[in-house]
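Below: one structure, written as C-alpha cells.
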Amino acid sequence: MLIQIPDILTRDEVAHCRRVLEASPWVDGRVTAGQQAALTKNNLQIPVDSKEAAELGDIVLRALGRNPLFNSAVMPLRVLPPMFNRYDVGMKFGAHVDGSIRAISGTGMRMRADVSTTIFLTEPEEYDGGELVIEDTYGAHEVKLPAGHAVVYPASSLHSVKEITRGSRWGSFFWSQSMIKDQERRSMLYDLDRAIMGTRARLPDDDPAVLSLANVYHNLLRHWAEL
Amino acid sequence: MLIQIPDILTRDEVAHCRRVLEASPWVDGRVTAGQQAALTKNNLQIPVDSKEAAELGDIVLRALGRNPLFNSAVMPLRVLPPMFNRYDVGMKFGAHVDGSIRAISGTGMRMRADVSTTIFLTEPEEYDGGELVIEDTYGAHEVKLPAGHAVVYPASSLHSVKEITRGSRWGSFFWSQSMIKDQERRSMLYDLDRAIMGTRARLPDDDPAVLSLANVYHNLLRHWAEL
Amino acid sequence: MLIQIPDILTRDEVAHCRRVLEASPWVDGRVTAGQQAALTKNNLQIPVDSKEAAELGDIVLRALGRNPLFNSAVMPLRVLPPMFNRYDVGMKFGAHVDGSIRAISGTGMRMRADVSTTIFLTEPEEYDGGELVIEDTYGAHEVKLPAGHAVVYPASSLHSVKEITRGSRWGSFFWSQSMIKDQERRSMLYDLDRAIMGTRARLPDDDPAVLSLANVYHNLLRHWAEL
Amino acid sequence: MLIQIPDILTRDEVAHCRRVLEASPWVDGRVTAGQQAALTKNNLQIPVDSKEAAELGDIVLRALGRNPLFNSAVMPLRVLPPMFNRYDVGMKFGAHVDGSIRAISGTGMRMRADVSTTIFLTEPEEYDGGELVIEDTYGAHEVKLPAGHAVVYPASSLHSVKEITRGSRWGSFFWSQSMIKDQERRSMLYDLDRAIMGTRARLPDDDPAVLSLANVYHNLLRHWAEL
Amino acid sequence: MLIQIPDILTRDEVAHCRRVLEASPWVDGRVTAGQQAALTKNNLQIPVDSKEAAELGDIVLRALGRNPLFNSAVMPLRVLPPMFNRYDVGMKFGAHVDGSIRAISGTGMRMRADVSTTIFLTEPEEYDGGELVIEDTYGAHEVKLPAGHAVVYPASSLHSVKEITRGSRWGSFFWSQSMIKDQERRSMLYDLDRAIMGTRARLPDDDPAVLSLANVYHNLLRHWAEL
Amino acid sequence: MLIQIPDILTRDEVAHCRRVLEASPWVDGRVTAGQQAALTKNNLQIPVDSKEAAELGDIVLRALGRNPLFNSAVMPLRVLPPMFNRYDVGMKFGAHVDGSIRAISGTGMRMRADVSTTIFLTEPEEYDGGELVIEDTYGAHEVKLPAGHAVVYPASSLHSVKEITRGSRWGSFFWSQSMIKDQERRSMLYDLDRAIMGTRARLPDDDPAVLSLANVYHNLLRHWAEL
C-alpha cells in the first residue's frame, strides 16, 4: 500500500528545514546503513545526534501528529527520529528492503520498521533523476513529489533511489512501527476508515448504521492492534 | 454470540416433522454421546441412520439454505446431518460443552463442531421445564422458543437442558463447522454485514461508500475464511 | 465473559472513596469521551488529573493487585488510571462499544482497551435505574451490584447504563490491556486455572497430575501472552 | 504481488481456443456476477456449463499444471473451472474486488478466491482500450499482454477493465484458492524459491548451504500451508 | 516431540507383513523421493501401487485406528498410504527434512506432511547400523526399536538412517497431516490429555474438576483444529 | 531447540566471577521460585538485589551483547538480570517447566520467559552429578559443559538438575523474552541465518542471490517480530 500525503509540511516548515540543512554538516550516509545496504547506498546525511537533526526531527514529528491521513494509513506506535539526507549528482541508493529491527538512538530500545516514509524537501524541478522507485514483480512505481509532500510505503518492499543527473534532492526519511504489523490488515482498516468517512458524509453521525460501522472499526482495531 | 432465528421452519414443515416423528422409533440419546457427555445426558432420539432422520434432515437442510440470517451468523462450511430428540418428564441434559470433532456418519469424514443449533418442534405451552440454558460465568441465558424457531450458540459454551416437569419437548439439533472458526471474528463479520445492510437501506447500491464497505466485507471474509 | 468480583474494595475503602468524592469537583463526562461516545454519554466525573482522582485511583490499583480473581480473569498488563463518575436523575450512557486505543494521561504512551471494569460505590437501594446493560444479539445481562463489588466485561461488547430515575449511582471505571488479547483464549486460561484449583482442592500439590496441569497452564500462558 | 507469466498457452493452443470460441454461443457476463459486481460488469462470456467451456477449460488447466512459475507464485490448492469472456466496443468492467467465496459448479463445494488470473487470447494490436487496471491508493498498474500470456493478481485488489474503443478483447479468467492464504507469506515463499534457484545456478545441488536453504523452504511451506 | 509407541502391530501382523514382503518385488527407493532427497536416499521399497502395498497398508491403517496413543500424539486428519522399505548392507538415507506437500496417489488430492512415522518390521538383533537419527542443533536421538513398535517424529526435523553394516532393516513408513499443524500446540494438547488421564486415575469421572478439565481440552482442540 | 554456545565468557571473566562469588553471601534458592517450583528446588543463590549480582550480571550481559550465536539463536528483546546459583552435595532441582511471566525486579515491569540460558562457571571435573537434563517424551538430553560455556533451551521444556554427589556446581542462569515468541519460527530464522552465512562463504556479498536471501530474512523477521 503506497499512500501519498500532500502538504504534510507547510511551505514555511519546508523553508525553515532547508535553511537549517544548508548550514548543517553532511556525512556519508553509509554510517547508518546495515552491512548489506552499505553496498548500494551512496548519499549524504546529517548526523543523527546533531542538534539540527533534533530540531528538524521535532518539526516533522509535530507535523505527523496533526495529520489524520498519516495516522489512518500508518497507525504508528513508534517513530524512529527522522533523518535528513541529500543526493547530489551521481548519487543513488540501489534496490534493497529496509532492515527490520532498528535501535532507537540514545534509548537502549529497539523498534520494528514496518512502514517507510519519505518527505520531499526539494521541488521536482530542482533536480533530474532521484525518483523513489518501489518495485513489485510486475513493474515499478516511480515517485517524485513536490516539497512538503510525503510518500508512505512498506519497509518490506524492494525500493531504490535513481541516480541524480542534475541538481540535488533533499529529503527527510524515517521508519514507523505500526500498531498493525500486517500490511493487509492495515490496508483493510484504512479502507474501512475511509468508507465510514464516506458514509458519514451522507448520513448523520447518530444514524444507527454509522454507529454500528464505528463499533466494527473499533473492535477490528482492538482485535489486531499490538501495543 | 447467541442468535435467535424466527420461523426457520414453516408451520407446515413443523407439522410434517411431528407427524413423521410420532411414527418413529426412539432410542436412548446416549448412543451418540461421547464418554463424558453420556454421564449427564438423558433423552431420546431417533436413530441417525433411519430413513426418518434422513427425510427430516433434508427438510432442515433445505430450510437452512434459504435463510439469510442463519447463513450470515453461522457461515457454515459443513453441517452434520440433523438429529431429532425428545425430552419427556424427568429427562434433562446436564451442563456440558459439545465435543469438538465429530464423525460425519457414512462418509469416513470428520468435521469440527463450531456452532450448535437447536430448532424447537413443540410449542412452549406444551411442556414445563426444558429450557436450553447457555451459561457464562456471570449468569445464564434461558431459551425457550416457539415451534419452528431456532437458536444458534457456540458449541464451546457451557450449556444444559433443564428437566422436564410436564409434557414433552421435541427438537432438532445439529452442529456446523463455520468457515470462520473464531467466534469474535464471526461476530465482527456478522455485525459488519448488518451495518452494511443498514447503510444500504438509506443509500443507493452504487453509492461509492456502499461499494467500499462491500469490498471491505469481502476482503475481510477472504482474510479469515478457512475452506 | 462477564465476571463478577465481590468485595474488591473493603467497606472502609468504599466509605473513604465516598467521602473524598463528596468533596470533589464534578465535570461533564463528555470531556473524556471520543467523538461518537459523546453523542450518547450523559454523566459527571471528577477530573482525571485532579489530586482526588490520583489518591482514589491508587486505592483501586492496590485493591486490584491483591485480588486473585481479578488477576486470573483479566491478566492485566496495563491499567488506565481509574476514573470516578456519577449518574444523577435523568443521566444515562447509551449503547456503545469502548474505544480501542487510549492515551495514558501524562505519559505519552497509549494502551489497548481490552477489558472494562466497573466498581460500584453506591448500594443498589440508593438509586433506581442505572443498571449496566451488556447486550448480545439474543438478549442482555443487567448488572447492579453492592458497593465495593466489581464487574468485568469485554470492552468490545455493546453496553449501556440505563437512565437514573431516583437517587444517584457512583462508581469507578477503568480499562485494562490484557496480556491475553483474545477473549476466547483468556476465557480458556481462566477455566483451566479454576479447574486446576479444583483439582488441587482434592489432590496434593506434588501429585504428578497436578504438576503436569500446572506445566500445561504455564506453557499455554507463555504461548499466548503478549508483553 | 502482480506476476506476469509469458507463454502459458502455446500459439497452437491460443489458435485452437479462438477457433472454438468463434463457434460458441455468448451470453451476458452478469449471469456469473454477484449482486454488486453486476452493477459494473458489462461483457460477454460462454456458458460455464457448455461443452466448449469444458474443453477449453481442460486446455487451460493442463497448461497451468506444466508451468513452474504459475505454481511457485500461486501455489494453487483449488482452481475454479476457467471462464472465457470477451469485451466488444463499449464494454468494460468497473472497479471492484472479486467475491471471496465461490461455488464450484456441479460439485456442491465452495472455494475461496485468493488469486485471480487473466490469460489474454487476443493480441494487443487487435483492440484499443481493454487494459486490466490494478489499482492501489497511490497509482495504478495497466496490463495488456500478448495472446497466450497471463497475469496473476490478488483477488482482493481493486481492479477494472477499461472500455473497449476498437476491436474485441478475448480472454480466459479464473480464480485459485492458494495453499498460502496470506499474500505477504505467499510473496516471501516466492522470493525464497527464486533466491534458492539463483543460488543453485551458482552452487552444486548437494552443497550444504543449498540443502539447508531447501530445508528452510520446505519447513516454511509446511508451517503456512493450509490444505 | 518424539513419541515411541510400543506394539502398534501385533506379533502376528508383523509376521504376516514379513511373509508378504518376502514375496514382493522391490524397487529403488528414489522413485518416490523429491529431487533433493534423491541425492541422499539409498534403499529399496515395494511399489506404492502394488497389491502388496495395498494389503499391508490396510493392516497398518487398522492398527493406527485402534491405538489411542497414536491418535492422541498425532491427531491425524489424513494419512498417506503406508510405504514399505528395506535397507540392506551399504544402504542408508542421508540427513534431510521431509517434503511438505505430498500427492495422495490415485486421488488427485494432496496433503501436508506434518508428522512422520516409522514402524520397525525387523528386530534390532537382525541388523547392525540402521538407526533412525533425529537431529537437533545440540545433539541427536538415535532410535532402533523392536519389530512392531513405532516412532513418531516431526516431518520438519532433520533426520537420517545410518548405513547398514550387517543384515537388513525392514520397515513401514508414512506421513500424517495432523488436525493440529503446529508442533507446540500438538504437544500441549498431548500433555493436557495425559494430565487429564492422570487426574481421572485418582478422581471419579463426574468430579467437577475432571469435567471442567475435559471442557477445556475440547475447547482448546476446537480452537486449534483445522479440518 | 537446544543450542550450545562455547566460550560465551572468557577464562578471565569466569575467574573473576568465581572470585566474587566466593566472597558472596548465599541464600536458599527457593526465594525466587514460584509456589510449585519451590517443591522441587534445592540449591543456593546470591541475593538478586546484591551488589555482587549487579556487578556479575553486567559482565554476563556484556558477554551476550558481543556473541552473534546467542543473538541469532535467541533474538532477545528483554533479558532478566542474571542470577548466580550453586548446587552442593545433595542438592538438585526436580523436573519442572519455567514460570511464564516474571517480574523484572526494581522496575515494576514484567517479561515473558521464552528461553532459558545456563552458563557453567565450574568445570565438569569439579563435581559429579549436576547434569542439566532436558527431557522430551522419548528420551532426554544431558548437558554438562566446560566453565564459560552456555546452553540455551526453551523455558517450556521439562528440565531438571541432577543431584550433586561430589563437589559443587556453580552457574549463572537467566531468562530471555525473544522477539520471536514461537519456537518453530525462531528455529527457522536461525536455520535461514546460518544457511545464508554458508552461502556467503561461497558467493560474494553482492551476488544477487545473496542479496535476495538477505531480503527474505529481513522480511520474515519483520513478519514475525514482536517488540
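Miscellaneous remarks
When the chains are written out, they are named A, B, C, D, E and F in that same order, and each has its own residue count from 1.
The rule is short, and it goes like this: a contact is a pair of C-beta atoms (placed from the backbone, for glycine too) under 8 Å apart; a residue touches a chain by one contact, two chains touch by 3 or more.
By chain, UniProt protein names: A, B, C, D, E, F = 2OG-Fe(II) oxygenase.
Please read these numbers as outputs of a predicted model, since none were measured by experiment.
Contacts with chain D (2OG-Fe(II) oxygenase) and chain F (2OG-Fe(II) oxygenase) are shared by A, E. Note: centroid distance chain B (2OG-Fe(II) oxygenase) to chain D (2OG-Fe(II) oxygenase), computed from Cα atoms, is 38 Å.
Distance between chain centres (mean CA atoms), chain A (2OG-Fe(II) oxygenase) to chain B (2OG-Fe(II) oxygenase): 50 Å. Listed for chain B (2OG-Fe(II) oxygenase) are residues 156, 184, 215, 219, 223, 226, each touching two or more other chains.
Applying the touch criterion to all chain pairs gives A-B, A-C, A-D, A-F, B-C, B-D, B-E, C-E, C-F, D-E, D-F, E-F. Every residue of chain F (2OG-Fe(II) oxygenase) that touches chain D (2OG-Fe(II) oxygenase) in the complex is listed here, in rising order: 184-185, 188, 191-192, 194-195, 198-199, 201-203, 207-209, 212-213, 215-216, 219-220, 223.
The residues of chain C (2OG-Fe(II) oxygenase) lying in touch with chain B (2OG-Fe(II) oxygenase) in their complex are 1-4, 136-139, 141, 143, 151, 156, 182-184, 190.
Interface residues of chain A (2OG-Fe(II) oxygenase) facing chain F (2OG-Fe(II) oxygenase) in the complex, by the touch rule stated above, are 35-36, 39-40, 96-101, 110-114, 155-156, 158, 177, 181, 226. Against chain E (2OG-Fe(II) oxygenase), in their complex, chain D (2OG-Fe(II) oxygenase) makes its touches with residues 77, 179, 205-206, 211, 214-215, 218-219, 221-223, 225-227.
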